[in-house]
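Okay, so subunit A shows up in both of these, paired with subunit B first and subunit C after.
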Partner chain A sequence: MYQYLSGILTVIAINITAVCGLTILTGFTGMFSLGHAGFMSLGAYASVIAIKYWGFSFIPAMLFGGIVAAFFGLLVGYPTMKGRMRGDTFAIAMLGFSETVRLALSNIYPYINGALGISGIPKYSEAWLVLLIAAVCVYLTFRYTKSKHGRIALSIRDEETAAELIGVNVTREKVKNFMISGFFCGMAGCMYACYYTFITPNTFSATTSNNILAAVVFGGMGSVSGPTIAAIFLAMLPEVLRVVQKWRLVLYGALMILVMLFKPEGLMGGRELFSGWKMRAKKREAGK
Partner chain B sequence: MSLLDIQNLTVQFGGLKAISNVNLSLDAGQMVGLIGPNGAGKTTLFNAITGVVPKTEGAILFDGKDLSKYKPNQIAHLGISRTFQNIRLFSKMTAEENVAIGINSVADYGIISAFLGLPDARRKDRETKKKAQEYLERVNLLPYKDAIAGSLPYGIQRKLEIARAIATKPKLLLLDEPAAGMNNEETLELIDFIRNIHSDNETNMAIILIEHHLEVVMNLCSDITVLNLGSVLKKGTPAEIQSDPAVIKAYIGERRKSDG
Partner chain C sequence: MTVFIQQVITGLSIGSIYALLAVGYALIFSIYNFSNFAFGVIMMVGTFGAVYAINLAGAPLPIAIIVGMIVAAGISLLVELSTYRPMRRKNSPRLYLMIAGIGVNMFVENLAIQTIGSSVKPFPSNWGRIILNIGNISIAYADILSGGLSVVMLVCLWLFIYKTKIGLGIRASAYDVNTTGLMGVNVDMVSLAVFAISGLAAGLAGVFYGMKYTVYPSMGAVSNKAFVASVIGGLGSLPGAVIGGLVLGLLETMVSAYVSSKLRDMIAYLVMILILVFMPNGLLGKSVKDKL
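After this line comes the complex of A and B, so read on.
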């Protein structure tokens, strides 16, 4: 039972970390991506190589995985953002990116065994540790989105032309947020690899990308707490639905349709869980 | 030297000349009206100045710099700011945040400070917030500071867009039909509003005003340029413009012979 629970908690923590990254890109900058599993894959492979061949310990390897993913974010991000890709074009380009990553990794044999994948990865991802990392990520993301960087990202999402004509360097801001989202997903990939101890190029598939994006949209665009809650909820739901056995994935899908039907702005809309408290604090401040 | 100097500007979209051979110059602190029937190329002229559409021929000099070498966001930093015919506010953000982006369109601290919420970043956030409130106060919009921009009344949104534009401290402000869709009362209020920001400004801001409501332009501008079909039809004072037969013809059409 303990094993089962800690397994679910670990999956939740991994999802939250990846969702934090994507919420900065999708929820705040307004760029939809169908391919962030590609970053998880790159991060996982980079960190596993660092652990197995270079003797990195867990946290440095995780950060290294994030940095490698962010670097690929720069490589992919600069030409796509410079070419003014957005909306559906960008989402499809990202789908192409994750497929490219998957196929490229399948065909590289030295170090990573091509399609066979890497096994025997040390199991570093303890539930408490990854939960702690996820919590830190949520806090950092929250701070970032409240900062000027986050507000500038929002201005691009709301009205790109106006933002540019007021002096926002749209290309640079987009690439920056894209790289940050890649960084978080790369770290999530490392946590994943160090939990399952085994990765192949197919581990991070289009389904993974869809699940992260679903959590962001489900939780609410322009919110950090919403997608975090959604990540927890979406990771737990298949487990809770185990009681209905083979119908569980059908119900999972149906529930998602229902939520989007009745709450199209997502769980939190653009608000945060604690914004009510903040408002009250502000009023107190004003009263002084 | 004049602040803005447009020389023989031509902007062509495929075979269509949206602007052909337009000359226009403007001194610091001057307010100029730009009028003309629909499709005369007024907004295209704004788009060319702000770098949104590329020019085909001619030159646009601002402060002696050739604007075609700059990207739209760089042109904003050189000191040109504008509003839009159809309001383009950051509709999901508060009024204060809208103005704050105008004040600081490039964050003045790094992403590490932003992630960690370092004291330096928080201090700079507070400073910008204070400045944003000062701007809102100057245009009498302070009561709306925490309101979501998209939910504000139409007239307020227009003013907020102007407040956001002047928060960039421009040397040249381009107003694209600020009175569009306003009733008489709101229009009169807007005339006062524009006059105030023009006279109140310590940076000696110049304004180009596109407007269909002729009373707005006649009221505010000492110089008016009339565009028609992409070229300059007439330049002059309000009185000269109002009595010019070519302008009347462009606006209301030609008088029939039999009417005298």
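After this line comes the complex of A and C, so read on.
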């Protein structure tokens, strides 16, 4: 029972970390990606190599995985943002990116065994540890979105031309947010690898990308707590309802259409979980 | 030399499939300025319509092709009426339209996987396997058919858009939907026509793709490459989409023949990034800044 629970908690933590990354990109910068699984793959492979061949311990390896993913984010992000890719072209380019990562990893044999993948990864991902990491990630994402950088990202999301006119370096900001989102997804990939103890190039597929995207859309774009809650629910849903397991993606698809049709702002819609309380507290103080 | 000619023919036949799909993307983009991400499943459902017409009703191939096209057009209209139109009425941002399209894609594709299974089926027609030999060059009948019918379809489309009244409405809408509506054009009619045409093209392309390769629920993924083709030609430009499709088809075949077949699937995305960096409007696209 304990193992079962800790397993679910670990999956939740991994989901939250990845969702934090995508919410910065999609929820705040307004660019939506179909290929963040590629970053998870890169992060997982980089950290596993660091652990198995260079003797890194878990946290440094995880950070290394994140940095490698962010570096690839720079490599992919700079030309795509410089090329002024709009939403749709960017989404497809990211699909191509994750596909390219998958093909490349399947055909490299030294160190990573090609399509067979790597097994026998030490199981570092303890539930309490990854939950702690996820909590730190949520906190950092929250602070980031409330900072100057987050506001700039929001201005780009809402009116790119206007943002550029008031002096925002749109390309730089986009690439920056893209790298940060890659960093979080890379860390999530490392946590995943150290929980399941084996990875193959196909571990992180389009389904993974869709899962993360679904959490961000359901949770609400422009909010951090919304997607976090959605990530928790989406990770628990298949456990609670076994029937749903098979039909999960059908359900996600249908929900995605319905959310976009009737409540495009999602669960939280640009608000945070505690912002209502804060507002009321402020009002009370103003009343005095 | 024969190898080269053989590759050109293969490239043109896959390119004509890309071109049909890319035209569907371009048509919708030119008017509504968003990309229909549900296009892959529209094509997939159309193909399955054709397969079932042959398997269950024993229809001959020409009838099956027509059934496939009509089914695809029907699904396309259904998506437009149930999802895109209500969202456009609410002035949803493009991002939301695309996410809804992804939702449709996920929903239909996984529904198909759960109900008819994800296994790969051959297209129930041996046209793809009958080979015509001219000297040392061999051409599958399906390639000739797909090339020929694609041209017919594109010519019909051209005639429809440039010679009919609804076509005039479509062209006017491509400049500005709202003004066109004010001028008394039935904009709802135009949107139905556009989605039906793109569905017909998708159905036709799907049947040929199924004949050339196989039929399976996630075959819609090929429409992503068609999207790349329409980007190469310039988003929203119909002649550009045709040229982009043929260029991409040729390029892919040449790369897999002379460089490495593993690179085949990557080349499309690489080309897209290069095109967007150096020619942001594609080969024939209208200026991106026009539609601010």
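What we mean here is this: the second predicted complex is superposed on the first by the 262 of 288 C-alpha atoms of A that agree within 3 Å, B and C clash if a C-alpha of one lies under 4 Å from a C-alpha of the other, contacts with A are read in each partner's own complex, and residues count from 1 in each chain.
In this section, a contact is a pair of C-beta atoms (placed from the backbone, for glycine too) under 8 Å apart; a residue touches a chain by one contact, two chains touch by 3 or more.
Fair warning: this is a prediction, and the values are worked out from it, not measured in the lab.
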Subunit B versus subunit C as contact partner of A:Pro122, first or second or both or neither: neither
Contacts of A:Gly30 with subunit B and subunit C, given as first, second, both or neither: second
Touching partner for A:Ile180 - first (subunit B), second (subunit C), both, neither: first
Which superposed partner A:Pro60 touches (first subunit B, second subunit C, both, neither): neither
Touching partner for A:Leu261 - first (subunit B), second (subunit C), both, neither: second
Touched partner set for A:Tyr252, first subunit B, second subunit C, both or neither: second
Partner touching more residues of subunit A, whether subunit B or subunit C: C
Partner chain in contact with A:Leu103 - subunit B first, subunit C second, else both or neither: second
Subunit B versus subunit C as contact partner of A:Gly7, first or second or both or neither: neither
First (subunit B), second (subunit C), both or neither touched by A:Thr161: both
Subunit B/subunit C common contact set on subunit A: 161
Residues on subunit A engaged by subunit B in the complex (per definition of touch): 140, 143-144, 146-152, 154-155, 157-159, 161-170, 176, 180, 222, 270
Residue numbers on subunit A that touch subunit C, as the complex places them: 30, 32, 34, 79-80, 82-89, 91-93, 95-97, 99-100, 103, 107, 161, 210, 213, 217, 246-247, 249-250, 252-257, 259-261, 264
Contact set on subunit C toward subunit A in their complex: 34-35, 37, 83, 86-87, 92, 94-100, 102-111, 114, 224, 227-228, 231, 235, 262, 265-266, 268-270, 272-273, 276-277, 280, 288, 292
Complex contact set, residues of subunit B against subunit A: 50, 52, 72-73, 75-77, 81-82, 84, 88-93, 97, 100-102, 104-109, 111, 113-117, 121, 124-125, 128, 164-165, 168
